[in-house]
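What follows is a pair of complexes built around chain A, which joins chain B in one and chain C in the other.
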Partner chain A sequence: MFPELNSILSSSPDSFRSGDFIVLSDRQADASFLIHHYLSFYLRAGCKVCFLGLVQSFSHYSAVSQRLGVSLTQAREKGQLVFLEGLKDSIGVLSQEESSQSKLPLSYLRSPGAGLECLFKFVESSVSQNTENEDGEKWGPPVLLIDDLSVLLTLGVSAGAILDFTLYCQATICSELQGNIGILVRREEEDVEDEGSNLLQKGLIHQCSLALHVEGLPTGYCRDIHGQMEVWWRSREDAMYNQRKVFHYKVHDKGASFFARGTSSALL
Partner chain B sequence: MMAAPGKGMAGPAGVNTTSFQKKSRSKLVSIPGTRPSVQNGQLIVSTGVTSLDYVIGGGLAVGTLLLVEEDRYDSYSRMLLKYFLAEGVVCGHEVFLASARDHPDEIMQELPSPIVDEVGSVKTKEGQAQQCDQENQDTMTIAWRYQNQPKVQNALASSVRFGHYYDVSKTMEPEVRQAVKCHSFYALQESPTTTESSLLSSPYHALLQSIQSVIRKEGFDGSTPQSKVRNVLRLGLHSLGSPLWGDDLCCTDNPAHCHALTTFLYALRGLLRTSLSVAVVTVPSHLMQNKSVMGQIIRLSDTAIALESFRGSEKETNPLYKDYHGLLHVRQVPRLNCLVCEVPDTKDLAFKLKRKQFTIERLHLPPDLSETVSRVSKIELAGGCGTTATGNKHLDF
Partner chain C sequence: MLLNIVHGTESGGFIVVEDTVKYSGREILKCFINAALKRGEDVHVLGFETSEAELRAGLDSSCVQKIHFHKGHPDPLGWTCKSSVTVHQFTTRDITQLVQNVPHTKASVLIVDSLSFVLRHHQPVVICQRLQELKKVGVVKTIVGLLHSDLHLQGVVKSVCHLANAVISVAPANNEHCGMAKTTRRTKSGKLMQEEEYFDVSEDAALSVQTRTHQPGHVQIEPDKPKADPTSNLTFNLRLSKKEKEAKEKVALPFVFSQEKKSALLRPTPGSGRITYEPDAYDDLDEEDPDDDLDV
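Let's turn to the complex of A and B:
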């Protein structure tokens, strides 16, 4: 959890908006530090989190969250966190071994044309099982976090199928259960013709209520400022409807610091 | 027989790999040829080229994938692959080589031979002591106060031997090569099998199954109880994506199976993450018509570099580049188990293949000391001040 980002977005683990659909995107930069922020944020807030980790192993997220002050293994044992490890389970699905029940959510690897229905069923079942924590209370509103969605495009799933999946998730989680969704999509340069990726990006931005876009600095590479992040508030109920702001950021070992353009500590 | 508990890692009931923590920082096994990284304690191996190790942050982390975009004639990328395999042979790791163009045995026969005196000093401690004795015999006369100080080490080479140097004019002796186990996969020998999923075209699918069976059989994923010393498996995959693999990714703009290679890389990374192995994949990116695929492939790998050689291009005769053989671009550096990654100092790197070393250095442009240059630059400056299109008129006010 990055305290500066919390103050920019005016949210904290004790008080945050529900029904939020957050899209984290990047172009030639790496926005994965934001997904770590949201993971530790929602775990601290006591929500039930379903995390689809499609591109990294569980130990990677666990090690980073440890530095941010949250233990993923404990959350998993208590039932607060449901973690789908895409990489580890993919090899079993692809080598056509016995299709056990647990491997079903990744069936898009074998037949990408069929869509993401099984994945959605997995998500739905994990957020609706509202188990109780140690104090006997229920967990908070359910949260779905995906890292990252654009890898499904590279595995052959069509952009339309992915958008269908996100629409279903939004209807179930945001509207019915008043939970939140955070999705990471990664993109290539502007001039590269990639219809699927553009379609996915535009569709997601249209659906979302908050978009954080990470890019490199337009002036080039810099050691002290790792890039710029644009925050776009899109939700209609807010006073800040359709507002955009740009910040510079620098990622360090235990978090990230955000500052207004031109106020980096390296310059002042 | 080495007992597994002696190493402090997975116990005998290692079927469920929960105790197998490849990325744990403490209690790391001591496998020859590996060391924990100084940045984040990750277990790393050398790529065989010491300067490349330095550029990618100390070495290649076990469990990750290094992608090398080939240069136009595949001369230097093939050299890097051979360095990687030779390093595996010298460190005693197991080696897996897959190729479609040349038979893997041919590539293995071309491995450069390690420079003997340095290998010797690793194996025998007496060799090192002898070197020290020779140095001490010349006593210092002026700086005598520094006589007893330890000799200053070169910044790139640490005191623990990590990474070796190779002589590319000689090939490795067959006895040295046969001391390690080598598995190979030759794409042209595999008969095409019909698989249910049309996604994975047969060469990649067969390759994936071959890699998986090697990992499982030799116990790199901790599934079989380790009765021998733990070891690292080095995978070298040559020229994936080229037409010889049966893939039309490089042939047309809209390939029929455009997701075969990306799915293979995704599954390969899954295999690497769950076993003690490291892979180097070379891809002929200059042949790919569809540019977005290269971006996807880079994002699917951990570390990615691209080689651009000057041979055959107009840069070969450019006097600025005369000291180098090509440029090296670092496309991606991974963030493993931490938020930050090793941000490189500079992005202008050039490489040169010398007989005993593959050097990668910051691209230094020599100073322009000729008179004609300054005159040209004056004209260009003057021409920019709103004159006609021909900028080579002197502006005499």
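Let's turn to the complex of A and C:
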């Protein structure tokens, strides 16, 4: 969890807006540090988190979260964290017989044209089960985090099907259960011409209430500033509605620091 | 023109509200609902993308019975069997049935949120046909659809807008508090009218249009503040007296050539260096003056 980002977004684990749909995107940079931020943020806030880790193993997130002061293993044991390990489970789905696979969350690997209904059902059941911890208290509002959604495009799922899936997630988690969603979509430079990638990103921004876009500096590589992040407030209820602000950031060992443009500690 | 269309002074038909990620058109949709309720008309809402609560927010609660929300959201595809209407039921017959199931007195308004979602799940050609049929059948007087123009191919957007009697494209204005609407209206005689207006939607879904003359480029919201005189309050003098101004006007600029200056420069002065050139055998000497074509 990055304290500076919390103050930019005016939120903290003790008080954050519910019903938020946050889209993290990047282009020629790596925005995955933001997904680690939100993972530790919501676990610290005591929310029930469903994490779809489609591109890295559980141990990777666990190692990073350890540095941010949160133990994923403990959270998983307590039932606070439901972790779908996409890479590990996909081997099972691909190597087994066809008949038993239609209901599994990763069934899109076998039949990408069929859509993501099963994945949605998995998400829905994860957030509605086990809503209490061992002391009998309720976990906070449910949270869905996805890292990352654009990999589904490369697996053959259409952008329309992915947008349907996020619409359903938003309807269930944000509107009904007053929880939050954080989704990471990535874009390579070669994807500039890619219709699916464009459509997915635009569609998600239409749906979202907050968009964080990470890019490299337009002037090139810099040792002290790793890139720029644009914050776009899109919720009608926000005082900052439809405003966009750009910050510079630097990722380091135990977190990331954010500052206004031109105020990097290397310059001042 | 925007106010006339939203308040229904122009006779119904098919209206498209076109938006992009930069500015959402859903508020205009709410203005349509609000205006229809004030006219006492029945409003049927096919909501696929947003919840009923979100669309109802800010609307006049006294007319709430006149809104018939056909719940597509939260289950527009029938995955969880929670909704009464799915996107697959966007057919002329099903919509006509939905509208006729509700007893109504005045002509109805059909709001589609959003057409983009419907177009994602049906062929554009089929949707255009169905919209045309709905217009002809006449069970609803006005159809208003929200279209996210950056989520479709341009051809699809243009095809759907071609069917419409009016297209309202919204975009952000330079002032963040209001938006800009470009309205295109086609009358029955085929005449096309366009207008750009700045608008603002209040919290209770009331539309207000700012009458501002359209200026290309930046629109100034406040009148120009009188410019401060930069030569005042200085410790040194930047002003010129009358004589100094006259002397300044008289100075001949170095690279502006008058006739006298040109001829003076071109005349060889005594004592200036002369250049003699003796071409050798390999030289290709051109007798013409190379600077002949210069306009000096």
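Methods note: the second predicted complex is superposed on the first by the 257 of 268 C-alpha atoms of A that agree within 3 Å, B and C clash if a C-alpha of one lies under 4 Å from a C-alpha of the other, contacts with A are read in each partner's own complex, and residues count from 1 in each chain.
What we mean here is this: a contact is a pair of C-beta atoms (placed from the backbone, for glycine too) under 8 Å apart; a residue touches a chain by one contact, two chains touch by 3 or more.
Owing to the predicted nature of the structure, the values given are computational and were not obtained by experimental measurement.
J.: Check chain A with both chain B and chain C modelled on it and let me know: fit or clash.
T.: fit
J.: Of the two partners chain B and chain C, indicate the one touching more residues belonging to chain A.
T.: Partner touching more chain A residues in the overlay: B.
J.: Which partner does A:18 reach: the first (chain B), the second (chain C), both, or neither?
T.: Touch partners of A:18: none, neither chain B nor chain C.
J.: Looking at A:203 after the superposition, I want to know if it touches chain B, chain C, both of them or none. Which is it: first, second, both, neither?
T.: Touch partner of A:203: chain C, not chain B.
J.: Per the contact definition in the header, classify A:7: touching chain B only (first), chain C only (second), both, or neither.
T.: After superposition on chain A, A:7 lies in contact with neither partner.
J.: Considering only touches as defined above, state whether A:175 meets chain B (first), chain C (second), both or neither.
T.: In the superposition, A:175 touches chain C alone.
J.: So, does A:156 touch the first partner chain B, the second partner chain C, both, or neither?
T.: first
J.: Where does A:111 make contact in the superposed view: on chain B (first), on chain C (second), on both, or on neither?
T.: first
J.: Classify the contacts of A:242 with the two partner chains as first (chain B alone), second (chain C alone), both, or neither.
T.: It touches chain C, and chain B stays clear.
J.: Determine, under the contact definition given at the top, whether A:128 touches first (chain B), second (chain C), both, or neither.
T.: neither
J.: Angle at chain A, chain B to chain C, CA centres, as a multiple of 10°?
T.: 110
J.: According to the stated criteria, A:164 is in contact with first (chain B), second (chain C), both, or neither; which is it?
T.: A:164 sits against chain C, while chain B stays out of touch.
J.: On the overlay, how many Å separate the closest CA atoms of chain B and chain C?
T.: 11
J.: Across the complex, what residues on chain B touch chain A?
T.: Residues in contact with chain A: 21-24, 195-197, 199-200, 208-209, 212, 259, 262-263, 266-267, 269-271, 273-274, 291-292, 295-296, 299-300, 335-341, 343, 345, 347.
J.: Which residues of chain A touch chain C once you look at their complex with the stated criterion?
T.: Counting only chain A, the residues touching chain C are 117, 120-121, 124, 160, 163-164, 167-168, 171-172, 175-176, 199, 202-203, 205-207, 236, 242-243.
J.: Which residues of chain A touch chain B in the complex?
T.: Going by the criterion above, the answer is residues 30, 32-33, 36, 57, 59-60, 63-64, 67, 86-91, 94-96, 109-112, 150-151, 153-156, 186, 188-189, 192-194, 197, 221, 223, 226, 251-256.
J.: Taking the touch rule as given, give the residues of chain C at its contact with chain A in the complex, in rising order.
T.: Within the complex, chain C contacts chain A at residues 21, 23-24, 27, 49, 51, 53-54, 73-77, 79-80, 117, 120-121, 148, 150-151, 172, 176.
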